[in-house]
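Read through the structures below before going on.
What follows is subunit A paired twice: with subunit B in the first complex and subunit C in the second.
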Partner chain A sequence: MSGGELNYAANPVTPRRADAKLETWLWIAQRGSAVVLALCVLVHLVTIIYAVRHGLTGAAILGRTRGNTAALAFYFLYVLAIAVHAPIGLRTLCQEWLGWRAASLNWVIGAIALALFAFGLRAG
Partner chain B sequence: MNNDYRSRNHPAWWAFLVHRLSGLALSVFLPFHFLALGQALQGEARLDTLLRWTEQPLVKFAEIVLVLLLAAHLTGGLRLLALEFLPWRGWQKTLLAWAAGAALAAGLAFALAL
Partner chain C sequence: MDMLQVSVWRGAASGEYRSYEVPRQESQSVLDVVTYIQRSIDPTLSYRFACRVGMCGACAMTVNGVARWTCRTHVAKVAKNNTLQIGPLANLPVIKDLVTDMREFFDKWARARGQFASGSGTTRKDGFARVAADSPERVAANAGIECIGCGVCYASCDVVSWNPDYLGPAALNRAWTLVNDVRDGARAERLAAVAGDAGCHACHTHLSCSERCPKNIAPTASIAGLKRAVALAAWKGEL
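For the complex of A and B:
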């Protein structure tokens, strides 16, 4: 920045109360989903390596997953956590790298979250 | 200090970049993963077709990269959670080394199992 002085008018340091509340909730959601995902990704990685070592055929995979309620519940939780975590991360990226901070960003990110959730559930 | 390359060239900044880029790559990959999963789970024949397609060397290489990215995002995320929620102990670089090591180990375990 020229002259080394902060331009407070261009970069307001006190966000509106509603914005601050939203940011707080998004921060909590991002960390909460990260904790859930840490467990899910660990299980996912172990399962990938197990599956590769113990028969990666259509019959073997479907035999392990079809009618498996625990696997379905795990998948549902995984998709839900992804649908929360990934869009919030993309939102931060859009704000910091693209400078996109308009209200439209929140709508687009909300739509991505819903689409990911719906697409993920449909796949399972 | 100038906000240039020299001020960013330290382990924590590289860890931030890896975490962000791996997150972006995984987000882009996700819809394709769901699409493939949805197609494959429709029947054994379709799943076997998909599995045969993944036998190609380039796809195998992409799979290893994806597993590495997933492991890197996981370990980098655990590092961030530890930094934010655990008491500060000046162990930044130790955590970084653990995160990088664990991600590489996961990638290698997958590559060697293939």
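For the complex of A and C:
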């Protein structure tokens, strides 16, 4: 068999630095947002259970949370963490399951992130 | 005499499992079985081995669906009802029968910057570097340094089967030992080479590599170390 020997010179290491940077920052962003989400989901669930067990109506809940800066800040953070976390995971799924690795994927994922953020804030 | 029913992969990418009857012996290894078939039944069977004692890593094959060193696997341990299925390693192109083409596997070591690069300004005229045996870097390098490149982890890795560009557990483990080599001078280049979709960030922590490694190395831990080192480098703007 020809070409069996390992020739480092003929096997250039060309790290795609921009690519490595992007992927690494996406990884950091997803891990970071996961930490935030772990906390937010817990607070969110406890709040829901509290509200349900005390028989609070939707209107009563809104009455308490509307104009509440703390609630606004909390849900802003929550929505932001979701908008960061979910699209990065979706991007990995598209890459691994669909083999979609073109630049177009990043644009679509970016759009999904923006949409999640916008609709999330609106709902919040 | 007890007989083993052995089905062995014959062919290349396309082929079939063919059945052979092999006399069962005491303390018989799977490599003994393959050797018996080639020497006593069908001399056209191709397989690879060298040391027979678990030092060279040449005889790795898929035994009953699991990648193993055949020389260090007793038949008694794996044969169910005296049957064995022996195939080539997964995730590698098959050249013939039980022989795979390992080039891509080793090329990935080079792509992951698996070669030592001397630090800037040091030459062979300099004295020996002193590395404390109990320093954290030395301990981390020690944990992965005994790899002999058999390819068992690579054949067991789900991510390799999904993404053929993925560098794989062995190459990343090698890179991690060098990241912890305080004499090495190519840290930034290596971290850039192992980051991203084809590198450490693709690992899903399935742990098959760590489960199957015959040397009891944990490439998963090495890959996790790389993730941390790469993240830290990116944070410091050194990537």
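In this section, the second predicted complex is superposed on the first by the 108 of 124 C-alpha atoms of A that agree within 3 Å, B and C clash if a C-alpha of one lies under 4 Å from a C-alpha of the other, contacts with A are read in each partner's own complex, and residues count from 1 in each chain.
To be clear about the criterion, a residue touches a chain if its C-beta (ideal position, glycine included) is under 8 Å from a C-beta of that chain, and two chains touch if they have at least 3 such contacts.
Because the structure is a prediction, the values reported are computed rather than measured.
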Partner chain(s) touched by A:T24 [first = subunit B, second = subunit C, both, neither]: second
First, second, both or neither for A:L80, with subunit B first and subunit C second: neither
Contacts of A:A38 with subunit B and subunit C, given as first, second, both or neither: first
First (subunit B), second (subunit C), both or neither touched by A:A71: neither
Superposition-derived comparison: subunit B or subunit C, residues of subunit A touched: B
Contacts of A:R101 with subunit B and subunit C, given as first, second, both or neither: second
Overlapping contact positions on subunit A, where the subunit C interface meets the subunit B interface: 31
For the subunit A and subunit C complex, residues of the former touching the latter: 3-4, 6, 8, 11, 13, 15-17, 19-25, 27-28, 31, 95-96, 101
Parts of subunit A lying in touch with subunit B, wherever the complex brings them together: 31, 34-35, 37-38, 41-42, 44-45, 48-49, 52-53, 56-59, 61-62, 65, 82, 86, 89-90, 93, 116, 119-120, 122-124
Residues of subunit C defined as touching subunit A within the complex: 103, 106-107, 110-111, 113, 115, 162-163, 189, 191-193, 195-197, 199, 201, 227, 230-231, 233-235, 239
Subunit B residues touching subunit A - in the complex, by the definition given at the top: 20, 23-24, 26-27, 30-31, 34-35, 37-38, 40-41, 43-48, 51, 67, 70-71, 73-74, 77-78, 80-81, 84-85, 106, 109-110, 113-114
